[in-house]
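Order of writing sets the labels: A, B, C and D. Residues in every chain begin at 1.
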């Protein structure tokens, strides 16, 4: 645990907007002895809209104090009808990464994780292919090869759910080329991050670089989003783009796209791990 | 006519790819006494693909010589089954700008034109509203107010076609909020440039900023394209994007988008006027 | 005055960081009956650093109440050693624009102002040349032609100071090609915004596009900054860049650069007018 | 060797501009039986300037034919006073990568190389530290640990030159934190590529992220350039930038900067390996 994580807490709040929320929350934290080190807020509409807030604070002996503080805060929360949670930065989220054959997103995440950019415990890599096992081995992370095909799909999904249960908070699909079943989506609502290799909502579904090539776009993109029951329709977390031109064949688009996929996915995962994302309807509020 | 336009010619060629094309064209121009000042080419596939070429050259007394040169070049063209044309930079294209109520794209074009960035003769502005007439007046360009509504649509289109006939080569839709009828599309094939206020193919049709807001995208865009019979489906000439976030309401997207619309449209129009665009299938090759 | 400006107030605070600041400010505003609609904060270091805060709030009858509120807030301010100010969004800043011969930045500001993007009263345009007077005339803004040359420099500066005194809060240098004298800098500290046509700190001083061309950079930029006594060394407010390549001559860099200058300057001016900028040392904090 | 590299040749030409160059070169290649698959050209000025050309062509049995073709082309070259060279895409450049302790640039190059994005033979990694040896081991590339300090500097440079001599064409400094001595610069003129972690010419020399932080810039950059005798003054190959703001501390700038450094260096190296760069004075022409 890094020094500045030991006593660092985060609070995420969503409630109907009305006067007095910031005052109540900041007073509460002040009386707890917490020092606010970052605070972000957003209101969809000061008149009758919804209010969102993220506070990062330092508080001595946070780990011991947190249960007590949470209990006391419920009173403030009730008054403002808040949906809320507190997290402890020192309590890292447990991550599973799903991949298939392409290595660039998986490798990017592992490299950034080793460098300390991704505050997580990576508890496993799951793949429907054995190919990426050598890449993962030096990181000393368990690699589960779970083949998926038409015949065994449901059984494979059972294996996935068992592997994850109780061990994992967040799932990252690092170019995992299989559909995620509704029961897994429901079990890990807003906890599964996918990288789609197009600038959504353009080019939903399969072979987006082929689609982009056919349409003759001058810019291509990548999109990180939470997975929902509808394919490529979940709340968008982050997007980025790159310029292309008539000389770029599908293979070039794939090459150019890989760079974006890596960076966009890594940003989205970092924000998720640092509790910077609030989902509202089918959109995200990112306090980056 | 600026000095460097007087003897500046351009040649645009498209033909099946095979060895010897560049040699034949460059030999031809050399023997005519022309000096190549810029040359761009593209092949969709050296084996059995299509070859595209744009040459810019200087040749003394170009205006007088051009008809003769065109006649002589036909022999080379026949040998390689070329679709081709030569243009004289000093012979500016004649432009009509269509607008409705929003002024930003129209103003941008007029300002750049006055500054010498757009080598065209702007022969008229056509609008279904009278609002922008004061903006156009100082530029001494005729402003035709042609109201369009459900009842008079066909009559209005007749007026348009008569206004344009024989006077205009290129039509720019500078946020003109009316559908262009098939007969005008056919009459001015690949000569009508529209600016769509989204990153196509996302958010086709009406109210794209509202659509973008609803979907919660993190980047918005603008797209300049040639108008075809299918709404917002024509060959894309240029696109650009800007980052937005959860704080941006529809009005902010419109404000941010205006800057892109202006710049993207101006780029596309300049490239068109300088004969830098070749249309191939439903795509463009832009030798910018 | 637009509806949402009538009762909209803003508060800018800077003070040594310590626990309780947000709580004190938000409690104060709550007890005044104000509704916080936006709040941003930044700490250079939670331990012994400096804390910055900007709050936007709505309060009925703000205009009448403001003097009273300011008086009462001084107690809170004293406790935390705050440097602070409150502004009323309905009380627009009074702007003077200085320009020389190039029109693009001036025109951009006037156009955005007419569109409502720049909440200011533009009280005069000052130029050392008569050229841009026709551009300004339709906007019904006084145009003061004050020639400046080696012989009359000091007299001209006197004219400037007299013109501005008591009438103007903010000065925008829209490609004004004269040095601003120290006495004007001191009189309007952090109120004079300049657009420099390079990506500062690269290419300080004259002819930055020539310098960029000579150095062979692959990206050029523009920088909006507050004017200080040292040329091109003031706090940077905003920057943006565009890609260029070996084909771009100095004239192309100027053309490409104009688009950036316009947009970067307009952004900086809008943020200044909306009290979104705090200057700290030689840097800015922009709560955009 | 990939299929499309076996018979793929490249020609790089620089000469005084005058009519007939393109015709002569394309005729020559046509008569050799070559098919031009890509051709780019640039003239600093059609009147008395310098002309640059890059041609990519396919020719059966290129390897055997190349010496003969080069010999015959000398006649054309003499006529136009050309500086020129032909290369065979199948004859990959031999690369040495120099690194110190930071792994991101080295890893990026190795990963892209394994993926086939960098057409080179990587013959060695040289480092003044042992730290990165484990990273290189799985790629089966020799890792030479050559410590460098004040006392042994000249001896270390001798070791470097011996290691490289006859084995290496191109040297990439992947965040190698030592000065390259003039004798190595001269030996590998325009063959040593460095990545500097700032947007040159801003922030030359050491600790550029600290410099950027101090100056309060709103955008940071990275620059790949050829190494010359003057520190950070060599011809710029490629640059890219990222937006930052007041919240970003030096550590954040480093993190954001790493992503640019990786991508900018990889682009520059790929262009170099594909013979897409011509150096002219202290600038580059990149036919990307």
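Note that a contact is a pair of C-beta atoms (placed from the backbone, for glycine too) under 8 Å apart; a residue touches a chain by one contact, two chains touch by 3 or more.
Computed from a predicted model, the values in this text were never measured in an experiment.
Colleague: Could you pull out the chain whose C-alpha mean position is farthest off from that of chain D?
Modeller: It is C.
Colleague: What is the distance, in whole Å, between the centres of chain A and chain C, each centre taken as the mean of its C-alpha atoms?
Modeller: Chain centres of chain A and chain C, defined by C-alpha means, are spaced 37 Å apart.
Colleague: Distance between chain A and chain B based on Cα centroids, please, to the nearest Å.
Modeller: Spacing between the chain centres: roughly 42 Å.
Colleague: Mark out which residues of chain C touch at least two other chains, giving numbers and ranges.
Modeller: In chain C, no residue touches at least two other chains, as defined above.
Colleague: So with touch defined the way it is at the top, what topology do the chains form here? Options are line, ring, star, complete, other.
Modeller: Contact map by chain: complete.
Colleague: Which part of chain B faces chain C closely enough to touch in the complex?
Modeller: Contacts found on chain B: 104, 107, 111, 115, 117, 134, 138, 255, 259, 263.
Colleague: Inside the complex, what are the residues of chain B that reach chain A?
Modeller: 42, 199-203, 215-219, 221, 235-241, 245-247, 281-286
Colleague: Inside the complex, what are the residues of chain B that reach chain D?
Modeller: 18-20, 22-23, 26-27, 29-30, 33-41, 43, 46, 58
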